[in-house]
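Below is a structure I'd like to ask you about.
Should a chain be cited, it is by its letter among A, B, C and D, assigned in written order, with residues numbered from 1 in that chain.
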Amino acid sequence: MSGKAIIEILGGLANVVIVLIVAPFFEGVLRKLTARIQSRQGPPLWQPYYDLLKLLGKEDIESGESPPMQRFAVYLSFAAIMTVACLVPFGSHAPANSIGDVLVLIYLLTLCGIATMLAGLAAGSTYSLIGMNREMMSLITLEPLLVVAMVIGAIHVHSFRLDQVLAGSVYAAAGFPWSGLIMLGVMLVSFQAFVQRVPFDIAEAETEIMEGPLMEYSGPKLALFKYVQMAKLVIYSALFVALFIPWGHTGLYPLDVLIHLAKCLVMVLGVTWVAATHARYRMDQAIRFYALLLGISVIALGMAVYGY
Amino acid sequence: MPAHKIIERLKDQFGVAIQRADLPGNGRLFVFVDSAALKSICRFVFRDLDARYVTSIGSDDRPYSDSFLVAHHFAFDRTGLLCSLLTHLTGNPPKVDSISKEVPAANWAEREFRDLLGIEPVGHPYPKRLVLPDGWPEGKHPLRKDVAWNYVPEGYDEDREFAFDEPPEGCMVIPFGPFHPTLDEPAHFRLYVEGEMVRGCEYRGFMAHRGIEKLGESVLTYNEIPMAAERICGICGCVHNVAYAQAVEQAAAIKPPPRAEYIRTIMLELERLHSHLLWVGLACHIVGFDTLFMLSFRIREPLMWMAEKISGNRKTYALCLIGGVRWDFTAELKAELQQVLLKVEQEWRAVVEAVAGDRNLQKRTLGIGVTSPELVKNVGLIGPVARAAGVDIDCRRDHPYAAYDRVEFKVITGTGGDVWSRLLVRAQEVFESIRIIRQCLEKMPEGPLQLQLPDELPIGRMGMSSVEAPRGEAHHFVITGENNRPRRWRVRAPTYQNLQGIPAMIKDQQLADMTISLGSIDPCFSCTDRMEIVDIRSGKTTVYTQEELREMARRKVL
Amino acid sequence: MSLLSKFKETLICLRAGKVTLPYPRQARPLPERFRGRPLFDAMKCIGCAGCANNCPAREILVYDVCQEVRILKYLGRRCTYCGRCADVCPEKAITMSKEFENATDQIGDIQQQLDLFMSTCQRCGRCFKEPGPLEQLQMKGYRADDLGKERWIYRSKAYLESQPEVDDIKIELD
Amino acid sequence: MLKNLCQKMFGRSLWVYHANSGGCNGCDIEVLNVLTPYYDVERFGIKLVGSPRHADVMLCQGPALRSTAKALKRAYEAMPSPKLVFAIGSCASGGGLWYDTYNVIGPVDKILPVNFYIPGCPPRPEAIIYGVAVAVGLVDKKTSPVKIKQLELPIPRYHPDQLSGEGELVVYEKAEKV
């Protein structure tokens, strides 16, 4: 094994560790900030760690339609998100470059959504199935947005390599190309949907369908799902930052990681504010909204192809 | 239309079928009619005289007159008259003509006396069990006088399941409740859903039926019942408390001292304030808007503290006794209340202004759960639900009680009839309530709080009282009796009527709108159920098979 | 427009700052009229059972264990804290205290039991002279079921005879 | 070791499921109130969840009714252990005014094992927080049964030699608070 491969693997592992450590912290920040917006004191910052630990120590009731599939869905979802973590740049550039390219990243992200759907299907109660249904609909209309954003980047840099695409590639062609700016806008307004927070947490709406697909899960399985949810927040923020806010690298790895995480934190703050001040949309409204965005992004794609 | 005119018209129309009419004064009318003509008289009153249906009451009168009693209550809102059409039933088992076909709003009330008293409404379109628990055997009726309050019949079977109707063709069934995060109280809806569209529902509620009426008729005494009445509902408890006290006072021809009336008015409005703020919070919580939920609860909290200072408890004020109130206002309390009101008014005005332009919130509420004035009339919807549909009814103005005839206020009406206009109506009513309290504080006369009552209240007299609860009109009916307790006490809570409008409201709507539509009537199941959806979501109730669902999901996506 | 109202809403919330009360560490002063757990004063109680007969929750039980000793038992578990017992008590032996921190893992912890010594009239066997506090109670809407029968049967006593065990709490009748 | 840690975390992150089995709504609203800015129990890590599968604590409000007893039991069984049950309010802990009517089974502890009782009608938000604090171990419970008992029959007829004080005061010198 060459030294380069070892560095890549080490970099990927470092990413996984960062995500595992930082994800609950970001969630804690989110909850604390939400509380302060609502004039409350709020939970301690490390509350999500407590929650996860407690869930790990609880009894695991296997009650759904097919327990093996439920177990599989949990591990699949967790594994997929951790693999994604290997591929996303925290710091200077994407570490596990030779493992996969942008397309693999997109597949893996889709796999996360599919795992959630599987979880809902395996649980098999009415509300889980409704949640699964909604998850599927949003997956199908939402995921293309990310694809288009990445593809625009890839067009600009003429490559699908991770380290080239996930480094502000959308602006690569000529300063600030129109397509990149349009995609920035589109991704900004749809970011809430990717991380599945209010107003787009339709598939997991607590007051409507009681966390939908996750309703039947308890104990360690729920802990893993919650972890995945928290990790999604970090990873999508990291992706967004890598694609659209690539500036401010120093070249020093630890410092770069901190800078990157700080940028992610800013994204989380934005997510918090939007989540705190919005009412949940209905599925059809959300789908209509995604479709509009998809239309705009396709136009952006066309512009990118012609070099704008 | 004044009372004597109504009697004249009834006499013209029905002649000897009108047996007797009592006019105890101050806007009450009791007409005893022949049971055979009851149905046509009800239709005449409801359709031709354009009265509003209030409720139907069954009573076991056998120990006193060897017959059962059925009363249909109507309200003439323009003239401020509450009218009761009573009839005695001698048959065994007792039978009465159902009026549900003519007056759709009477549906539940008739099913209720069928359950609890065994009075059979002949020709009822949907004679299904409503109130009693699933395992209760047929033919046993807890509200009859020969049955003790704690009597559980022999054939009680805990495991019996409720027989739900068959869902319509092509629809899947989604159980909603009894424990659901948007429902504070147990109730069970079976939604018939086609895709994400709700096509219909069946309600199996009355899960909080605690037998309060039976308790009041057989165990508690006149002055204990206010405390029980208050616990009919934890949010609008004071309303029931006052309504009960007023019904008894009216039956016994007692007039409470004016200071007591003003204090009742203030506490009722204080309750309306906190209830409306609470509703706005809960409605926002249902659509996932937690900041506004927290905000309105924060604004509401000083009101709760104020209530605690005045009455000693945050919710259950234990305010009324027969002939007066228990808690007085001191000068300090008055000043403090003024300050709290000022603060609430300022903050709430800012919130209302901010929310008025909130497109995001409007998206979830505009055009959702629409009610038309026809539906309001037919199903007997009341309170903010009716007012939001443009029907101008308000018991405070139409049937003035306590000190409402001495204060000025505006009845807020909306136009849309949807959730958004209900929200606006409630938000505006907060300001009116504040205005009423201020006027009361200003005008409150000095004087005693409580009357010295005679040893025994008159026996066999009837009284009814309508009080405008935050959710609509709460109606209490009392027949006074021996042993220092009423012979019959019937409560009609506002949600009892409003809930009957839900199937029409949620029909052909998105599943996601179901919760907010239901929330928008400010449902209070405990009120409704006083004295009854049965599947917990974790229990596996896949009514249709999983393949079907998968198939459905696939069809949806492709 | 919508965004503007969102900002306004946020501003209203933020302007209030943090309002959370530091409750378990420091309690808010309780209002003067607060109705907490009723406290029974054995010094003042005359055993008239007015409280038992006016309690909507029917949870104050009064019964005699012998000619001279009467027991007043307050179960507490279903008390509604309405304060009627304190209202009707002719001797003001019941006060609504300001105790609200009654949470417990043993429901029996909120019981109160008084053993009262009753000196009976040698002639009629009753404890009070004719126009006693009971007549006052009656005027306030006092229940009159058994008074007419010249018998001193309290509702709770009648209840006890049929069921000597009240919610797991065994009541010693003799 | 991890298991130990997990168990220790139980008290710091109580997820609460509230089940109203037919009470009057007052306690529900007070429970909701506990989440709102002035009381904010989220600072103790308490969160309201919608599904009993996610819950650690069940807050029971309202008496056990015949119509809801089955559903309540099922919800309890759906909760993963370790689990606690709180009975909030007079109805849940004692059955309320209607503890013996035809549709009421009685207090919740007749059908579920209740760990903590929070009496009150409705309990103030502070009382609920106090109950939670007792459960978590932040504070000690304050209540204990009061029993004031006659040791001896104090009338001179029975014990003339014991009559030391004046009138009835004697009686209560011989009474003791248990």
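Just so we're on the same page, a contact is a pair of C-beta atoms (placed from the backbone, for glycine too) under 8 Å apart; a residue touches a chain by one contact, two chains touch by 3 or more.
In this text the structure is predicted, and so the values were computed from the model without any measurement.
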With chain centres defined as mean CA positions, report which chain is farthest from chain A. C
Contact-richer chain pair [C-D vs A-D]: C-D
So the centre of each chain is just the mean of its C-alpha atoms; given that, what is the distance between chain C and chain D in Å? 17
Between chain A and chain D, what is the separation of their C-alpha centroids in Å? 43
Calculate how many whole Å lie between the centre of chain B and the centre of chain D, each centre taken as the average of the chain's C-alpha atoms. 30
Please output the residue numbers of chain B that touch at least 2 other chains, ranges allowed. 180-181, 220, 227-228, 231, 291, 294-295, 298, 308, 313, 316, 360, 537-538
Which chain D residues touch at least two other chains? 36-38, 40, 43, 50-51, 53, 78, 96-97, 121, 124
Residue numbers of chain C (touch at least two other chains): 6, 9-10, 13, 16, 19-20, 56, 58, 80-82
Connecting every touching chain pair, does the picture come out as line, ring, star, complete or other? complete
Considering the complex alone, what residue numbers of chain D touch chain B? 19-30, 32-33, 36-38, 48, 50-53, 62-63, 65-71, 74-75, 78, 96-98, 100-104, 121-122, 124
List the residues on chain C that touch chain D in their complex, please. 16, 19-21, 23-24, 27-28, 40, 42-43, 56-59, 68-69, 75-82, 99-105, 107-117, 119, 167
Complex contacts: residues of chain A adjacent to chain C: 36-41, 273, 276-278
Which residues, counting only chain D, touch chain A once they are in their complex? 2-3, 5-7, 9-10, 12-13, 15, 36-37, 40, 42-45, 47, 49-51, 53-54, 56, 78-82
Per the touch rule, the chain B residues reaching chain D in their complex are 132-136, 142, 149-152, 156, 158, 178-181, 184-186, 206-212, 214-215, 220, 227-228, 231-235, 237, 278, 282, 293-294, 297-298, 301, 304, 308, 313-316, 524-526, 529, 531-532, 534-539
